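Both of the next two complexes hold chain A, though its partner changes from chain B to chain C.
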Partner chain A sequence: MKRSKKVYVAFLLPALFFYVVFMLYPLVSSLGLSLFSWNGYGAKTFVGLANFRRLFGDPSYSARFWGALKNNALFFLFTVVLQNCIALLLAAFLNIRRLRGAKFFRSVLYIPATLSIIVVGFLWSLIYNPLWGPLNHTLGAVGLGALKRAWLGSPHTALLAISVANAWQYTGVPMIMFLAGMQAIPDELYEAASLDGASGSRQFWGITFPLIRPVMFVISTIVFVSNFSAFEIIYAMAGTTGAPNYSTDILGTFFYRICFGQRLGLQPDMGVGAAIAACMFLLIGVGVFFWFRIYGKDGDL
Partner chain B sequence: MRLNRKKWSWKIFFVYVVLTLYTIYTLYPIFLMIATSLKGNLEIMQNPSGFPRAVTWKGFETLFRRENFGRYFLNSIFVTVVSSAILLVVSVMLAYILSRYVCRLSNFLYIFFLMGMMLPLRLGLLSLNDLLNSLGLIDSLWGLIFIYVAMNIPFTMFLLTGYIRMIPVEMEESAFIDGANTWTILRKITVPLIKPAIATTIVYNFVPIWNDAFFPLVFVSTKSRRTLMLAITLFFGQFSTDWNLVFSALTLACLPVILVYIFCSKYLIRGMMAGALKG
Partner chain C sequence: MKKQISLILAIALLLTLLSGCSGKTQTAETTAAAGTTAAAETTAAADTTAGTTAAAASGEKVTLKFTGWRTEDQDAINKMNEKFTAENPNIEVVYEPVAATEYDTYLQTALANGTAADLIMMRSFSGGKTVYSGGKITTLTTDSVPNLKNYPDSAVSAWASDGKSFAVPVGMTVEGVHYNKDIFDKCGITKTPDTVKELLDDCKLIKDKGYLPIAGGVAEPWYVSEEITSSILMATIGSSQWVKDLYAKKLDFTDAKYVQMLQTLQDLEQYYPEFYDGVGYEDCQQLFVTGQAAMYMSGSFELTYLTTTNPDLKLGCFAFPGQDAAPTAVNFTAAVGVGGYSGTKYPEQVLTYLNWLASDEGGGAYANGVLGFFSPNPTAPAPESEIAQQWSALRDGREAIHLMGYETMTESAPDYSTAIGDTALKMVTEKWTAAQAADYMQQQMSWFFK
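So, the complex of A and B:
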């Protein structure tokens, strides 16, 4: 078939236009903005690394930044451990050949992932409500009243409570990815193992687990990227200040406060905001780099 | 032998118990949301966890009569439908050339677009703000539409390219010899063949576009241009003590997605699986 260059360009341009103008350009130019000082409108002045110096030198910024980074790391850790463990267990169960209704379970367990993060956040704030929320209510009813607490009100439990809500929503995603990975493993491997007398759990740790480790890596990277750019779940459950006492403040909420703080009566500082975004970009860039080494190398399929 | 079989079925029983418990854990919050939307505020305090004793539709009535939710609903539908349509057309064209014109440029472009799957656009918020301002697209539904198109091109391209590569090229070639141009071939031959992949991408993109609250929160300020998710985000702070009203709003916002999911879950799961197998 004859290939015309004109057709190629004509078919490429619309997608290229949207992708470059509304995605790549803003991302790249935001990095550049971190070298300028301005108040969100009006002229920009080139200030070199001054924004970064203020972000890391001014204690009112740097304390928040390191706090947010620590919370973000914990948020990621809680989520990735909860999600991967539960999803792996569920997928291993659903992969049992004799199990009936696997498709039903699979579809139902994916439902929360289709909800809006905002909705999930508000929904779990109700569940955690200290006075009459169903969680405390249930704990009281089963004789565990001593465990009742203001889950979102205490700096010790708030971040973990939010991570649980986040993991509740997204466990279905890694579950399905694990399941897809498991179903791609050829039966012969298991048949050979059975002939050698390997038990079900030995087959899991000896065959299944090593073969789906790449899937686990992909999932962890996806969670990494989405947690380090997260915002809505904290906004919905703890507000833009990461209440209580900044214990749930993550980079996304910090960035939002610095750039759009006028809604909270703060003076916005776009320069420092851009510097925060640049740091987030760097962090996520490291994650994407590892992702691409695995995911993108067979690009020509 | 008998002992062994007994042990096995005991294990299966255990698996069912765990799966059922986890399913209850998964569904209970959603049940709670719907139940709370049908309870009066007094009943929510007295009976927070069970079925409603006296069903009330007051919350939903208030949403449409007093809070203009019909408008927000239409805004969300407009944004979702228009961005899905644009997204589909540009991505099908892109995927077609990337899979049919095998050359180094195509390989490069494939990676170039694929990269976007892992780039969170929200980090470019400040420049995006400037850009929309200068294009007059700030505080406009069209601004949101263009953002959603750009954001979702990478995955849509990825899925469609994989699919088009699997279908044989002979029919297109014979149509070409008969004098059809590429656009006609794409419309009349390729698109009908990749319908399942198209359905998958539509459903798969519908969910995040409908659910997004972030970009409207930052870019939309006029009340009549709020999307449903933005309205809910702002609503929660404003009426945080009127739980019945808030949960009616949450239920309403989830309804379309849950309905779509019930009818199209196989497409969504197919999309997920395609993503997983690549790794």
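So, the complex of A and C:
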């Protein structure tokens, strides 16, 4: 039965309209803005590649750029370990047959993901507060007073502290996805393995783990993209200055700081900010492209 | 038939989406203004202080929106606006502040898409100049705002770009040390310190008695820059010549006086709360206002917050001590100016308000209501609050030098404020000497000296 193409186009138009107006146009115009110099208030002047030359040539800027990139990579590493590995473990537990309270725990573990990021960041910064935060108080109370420190104030622990807060919030999401992937594995495989005398953990590494590879692939992509474009959690917990000592400075906060300036300090420079954003776009795009090339071949998406 | 219905539904969906994006929304003022009928001019007293043009008050009630970053001063500014409306019954001013951390971003977007308020609180020097450069802030002259003549040139130029005024100077603050009189009495300290040595001795005495000497922390760069290091620096250098030489690049941050400032900072840090590397501005505020700390380095702008949050707190103040003798200079900030949005629908009413703010009465009303902000107009009446007067008096017999990092050193990254905040924290985490920290500061700010 022939369907008129006009109907398909008519239904696609709203989505296409939104995509072009709210995603494609701003993206292209931002990339274009990186070729101009603009303080956000006055007129734009065309400067060609001067912004990029400044970003990579001027030591005060390039040091911040590579530092931010390094922090992004660290943040990604912490997230993979703290968030994804724990999510996999939790999913494995929740997948156990006839586990009592499975549904309850599933919901409870997912609830943090529904909270506002700013609220989570703010609450965790209160927890970490060295003067009256519960973390230091608890450590002192159980006799681990030597571990007390300014968690968000020390450059060695700040990024890790923020990663913990971020992982706490989002562990539920990969957990649910892993769980769904695990529950799609037919029971016969496990029965056959049990008959052959395979132990629980052997079954996990031999059957479950390989068969959830497609899910792991999707989750890694999402985590990669969201971590390298992260901003809100760092903004809520450490502000945009990357304090302390730029140890929490990621590409997102570096971009925001340069683009919008800071209160009473640095004047806004939207051209260089747009150049940073263009670099972020390139980085994430290239990263995802290679990730797909390497691992997308055998997994089915 | 089915095909046509599907097509119609799809187009209807598209149309409803498009209708959602309407053009500029009408503001309440325009509809209100259009609705009121022009009443005959009765015995409404012409306000001589305002010096308005006759066209302004034609019986049409106008509401001006006023935006700023001082959320703490909402009540005080409301009262001040009521005074203004009492004299100018047809103009009502509504103050709608935005949080200080978001104010600049808010201004950028509001000015760009034409939704800015009629009256805009402006920062001095580069902060305000950048906003003015967009061309959306009205240029003020002594013709349009006659009372601008009340101010000395130093005040007017703080809110001017290339000689063109963009805001009426409204509030200046003085930075120094707040102290808790009760704790000082309990420790037997009868005289506030004049030298750094006396200060350190007092701190030791307070600590031995079991109180927290100073509520301080180096976690937030702006707090370190503006409230701590700037006060210490001005007291250390004693006159503005050092700053002038710095800006003229005749000396740099490795100069002995700057190292001395960093040394004093380091000496004071042992009297800060534990884990002060993670203590920020609000933590310090809390420690002091709840009576847990004896001293708090900040500015006169805190007075409204401190007096309303804890009215029982016995507040005192002193200028940050000099190195070897009583200080001959204090830190001050050209804090608040008010400008007009050039795209306002009520330009005359905006100028009326600005002129009133610049008058003795307006300046006095602001200084009296918004505690701790002093009028740059020398003939404006002094605030009635005793503690505000004490803060104002810190300038007597001393040179008032403007806060570092406002007039210049903001054009490139890192700006002065971020650099000194970064340096102060690194001095703690890397356990540097003051000289090493000064070297790092110089390295961070090397772009300025090129």
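The rule we apply is simple: the second predicted complex is superposed on the first by the 270 of 301 C-alpha atoms of A that agree within 3 Å, B and C clash if a C-alpha of one lies under 4 Å from a C-alpha of the other, contacts with A are read in each partner's own complex, and residues count from 1 in each chain.
In this text, contacts are C-beta pairs under 8 Å (C-beta built on N, C-alpha and C of every residue); 3 or more make two chains touch, one makes a residue touch a chain.
Model, not experiment: these values are computed from the prediction.
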Query = Just chain B (first), just chain C (second), both, or neither: which does A:134 touch?
reply = first
Once the structures are superposed on A, label A:14 by its partner contacts, choosing first (chain B), second (chain C), both or neither. both
Practice task
Check the residue A:57 against both partner chains and state whether it touches chain B (first), chain C (second), both, or neither.
Solution key: neither
Pick one for A:39: touches chain B only (first), chain C only (second), both, or neither.
second
| task | Once the structures are superposed on A, label A:112 by its partner contacts, choosing first (chain B), second (chain C), both or neither. | result | first
What is the contact status of A:241 with respect to chain B (first) and chain C (second): first, second, both, or neither? second
Original post:
After lining up the shared chain so the two structures overlap, which partner does A:48 touch, if you call chain B first and chain C second: first, second, both or neither?
Top reply: neither
- [ ] Mind working out whether A:281 is in touch with chain B, chain C, both or neither, as first, second, both or neither?
- [x] first
In this superposition, the partner of chain A with more touched residues, chain B or chain C, is B
If we overlay the two complexes on their shared chain A, which of chain B and chain C does A:93 touch? Say first, second, both or neither.
first
The intersection of the chain A residues contacting chain B with those contacting chain C is 4, 7, 11, 14, 18, 40, 129, 131, 260
Seen from chain A, its contact residues with chain C in the complex are 4, 6-7, 10-11, 13-14, 17-18, 39-42, 58, 60-61, 64, 128-131, 136, 148-156, 239, 241, 243-246, 257-258, 260-268
Chain B contacts chain A in the complex at 11-12, 15-16, 18-19, 22-23, 25-27, 29-30, 32-33, 36, 44-45, 48-49, 86, 89-91, 93-94, 96-97, 101, 107, 109-111, 113-116, 118-131, 146-147, 149-151, 153-154, 157, 161-162, 165, 169, 172-173, 176, 181-183, 207, 210-214, 218, 229, 232-233, 236, 243, 246-247, 250, 253-254, 257-258, 260-261, 265, 268-269, 272-273, 275-279
The answer for chain C against chain A in the complex is residues 3, 6-7, 10-11, 13-14, 17, 100-101, 103-105, 108, 111-112, 123, 126-127, 130-136, 217-222, 226, 273-279, 283, 287, 405-406, 410-418, 421-422, 425-426, 429, 444, 447
Residue positions on chain A within touch of chain B in the complex are 1-4, 7-8, 11-12, 14-16, 18-19, 21-30, 33, 40, 86, 89-90, 93-94, 96, 98-99, 105-112, 114-120, 122-124, 126-127, 129, 131-134, 137-138, 168, 172-173, 176-178, 180-181, 184, 200, 214-215, 217-218, 221, 225-226, 229, 231-232, 235-236, 252, 255, 259-260, 270, 273-274, 277, 280-281, 284, 287-288, 291-292, 294-296, 299-301
